[in-house]
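Dumping the structure here so I can ask a few things about it.
Think of it as A, B and C in the order they're written, each chain with its own count starting at 1.
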């Protein structure tokens, strides 16, 4: 009895008491789904109907031969390859520009950061209107310098690029904040020493500042890649996967399978889960590769 | 920055030539939305676009509020967001404090397990979580939006990191004085952690307010449970050519976040920058 | 011919904050001049203006025979050792040393030769492949010096290079710096807040306070003949004892202390005597004398430092004086005085010691302006 009482007031009891509500919630809504998702991927299952049928690896095999999956994968890769370098390089340049003591810099920073808080839908609406083929401001402005008119989201060849522009706009603030923080972490003495040593602006940036931005760059590459691969909201709301399926990315296809077609008579939840898991694996491998590569070339300040 | 002597070609720093247009570009979509929201329908269809509508039709906003369930959507989102933010503040603080300062059996394992969930992308858990929520009977209600998010792993991770940076001597002194764990947490740790808690609150607020995919998936038919983003998307779908109304709805939905940002900028920036430090 | 001269140099920051005011100073070719003063006195700012890291608000700085106000740092032929060394953390020691030469497109074998030579001179040969993070503080300091030396600059700038080292290392490096200076004879400006470093290293020292040059001259001169109260209190450790007094008719009275035969104008004065100039004496000594009630004794091994109080008002100038003027004196009529005794003498706390001083070791300062008054 005494031991029990001692346990009750011990650190063990206290620790568990503190974490219990959170752990239970995360167990139910975070961990259980991960496991169940795996199980689902080996089944043929519907979302509404309770039937489940084990089909082993059939779902995974099906992925390999599904042309829609292939198209979705290509679209996703296309988007990622466009989005990641563009957003990171833009952010690097902008952060570098904002890292100065000039007039209005607070206003400039605000202007760059603000789009971070706009939702994907709000942004989608803004750009649907801006990029409207007939009445949008973009075509009017571009027309003034002799370009266009462009179809943007309505043109099969341009839709993805328009998506990239829209999402770069939305993410620029986030990436810039990270780079700005990293730039401000570079000791001023280092750039001063480089200036005295004879390095010009470009040299000083490339050889002294840029290497110190390694960890931030790695973070942004990993983060941007992961969010690029998981693109959904903008596709669902703005382009609906079109035109002609040219912007149908993987997560969009998974959603379609499970929640549009799967809610009907077809039992595609398992298949969708399998695709999701393959995507997960891809992301995992890609992230690990990026970290491995990054750690080999980055110097971490001790 | 090294102050380099230079011949001044311009009366101002040349970087303004880049930053000013950039700022314009970043603000343009929102500014244009505001302008559009104050036009008449006919004016929106004018090409070349009318840059200044003359009379400002603030009535558009009232029309949207009266003519749609905008009020309901706004209310729903507010309820969900406030509930989640408050719940997070409480639950994550408790859990993080334990992970940071209390030595208990299984602490390391459980923490790692929680962190591992951060690695898993959303589409993997989307379907199963949907099924779980369905089993719990929460589907089509606000509960589906609130309950799964009552505690967030991100919040726990962030606060644990932060608590670890506080000087442990303060808490040790309190323990020697006989204070219980809970009262140490409430009287000593929390008052010292207000900036970190504010940051968590602000970031969580933003994510919840702007969330789209999860409400889309769990609120199927019950229009009364639509959140702002869901409602906005539907509104745009049903008023596709009425850009003045869509713009008004859009501006109203963005306003709270914009105001929050202007007021609490520091915390947003800190929240995001700290992710960079976590590396 | 690398003479560095400051001609009425002023630096003003927005505020307005005057960091350096009307500084005129010349550093001779091959000389090691030390800029010394408390934190915030403007010494680092002055150094950075020579380096080109700060714009000059007024006046001119000349290196050699050209005015360098608008010349970028890399074109001034200077090298600098920073307080925190500023070594490039992602480069090896060798690359750190070679960086400046490479930027100037020095041919490879020349780079290799110079780097090798400097590495040998500073004992860095075994460390060339390491990164700064893997080096100790003293090693990093030497790499920082090496990076500056390898450029064979006209002017060498050092910003508190020893302040991040522990005491023992500091003593070693001081000697090494002196050796290097004797051998290489590069015009050097050295900034420090440590007056011991200033006294031991400098050929001349320049004392600054609040952006204004207080005094410049060889260390012993400055020590023996401080031009104002600030310099008197700053140079020398433990600091000079300063007592309030009044001069009238060729005689100064400061509390219990009476000094005859001093030719100073009548008025309020400050009397300064260095701790080592106070000698214990017998009761009947004819010259100026003071009774010190012993408070604390500090046996230091080679001497004994006695802290005591006297029947006179003292003055403290180290609290951030504006123009060498005085802060509020102690509230009581007893002031603190310090003196030095040979190592085996240990007066008991509470006992009274009678001390005297040589006439020519007494410094007199005007109480209002703080300036030294000649006593002849």
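Operating definition for what follows: a contact is a pair of C-beta atoms (placed from the backbone, for glycine too) under 8 Å apart; a residue touches a chain by one contact, two chains touch by 3 or more.
Predicted model only: the values in this text are computed from it and were never measured.
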Where's the contact count highest, between which chains?
-> A-B
What chain lies farthest away from subunit B once each centre is taken as the mean of the Cα atoms?
-> C
How big is the gap, in whole Å, between where the Cα atoms of subunit B centre and where those of subunit C centre?
-> 56
Subunit A and subunit B: spacing of chain centres that average the CA atoms, whole Å = 16
Would you mind listing the residues of subunit B that make contact with two or more other chains?
-> 2, 4
Find every residue in subunit C that makes contact with two or more other chains and list them.
-> 52-53, 72-73
Pull out every residue in subunit A that's touching 2 or more other chains.
-> 192, 195
Of all residues in subunit C, those that touch subunit A in their complex = 51-53, 72-74, 78-80, 82-84, 86, 88-90, 99-100, 103-104, 131, 133, 147, 151
Using the touch rule from the top, collect the residues of subunit B that touch subunit A in their complex.
-> 1-2, 4, 12-13, 15-16, 18-20, 22-30, 32-33, 36, 44-49, 91-92, 94-95, 97-99, 102-107, 110, 113-114, 117, 119-132, 134, 147-151, 153, 156, 181-182, 206, 209-213, 216-217, 229, 232-233, 236, 243, 246-247, 250, 253-254, 257-258, 260-262, 265, 268-269, 272-273, 275-279
Subunit B touches which residues of subunit A in the complex?
-> 11-16, 18-19, 21-23, 25-26, 28-34, 36-37, 40, 47, 94, 97-105, 107-108, 110-123, 125-130, 134-137, 140, 169, 172-174, 177-178, 180-182, 188, 191-192, 195, 215-216, 218-219, 223, 226, 229-230, 232-233, 236-237, 250-251, 254-255, 258-259, 269, 272-273, 276-277, 279-280, 283-284, 287
Parts of subunit A lying in touch with subunit C, wherever the complex brings them together | 187, 189-190, 192-200, 203, 207-208, 211-212, 299, 301-302
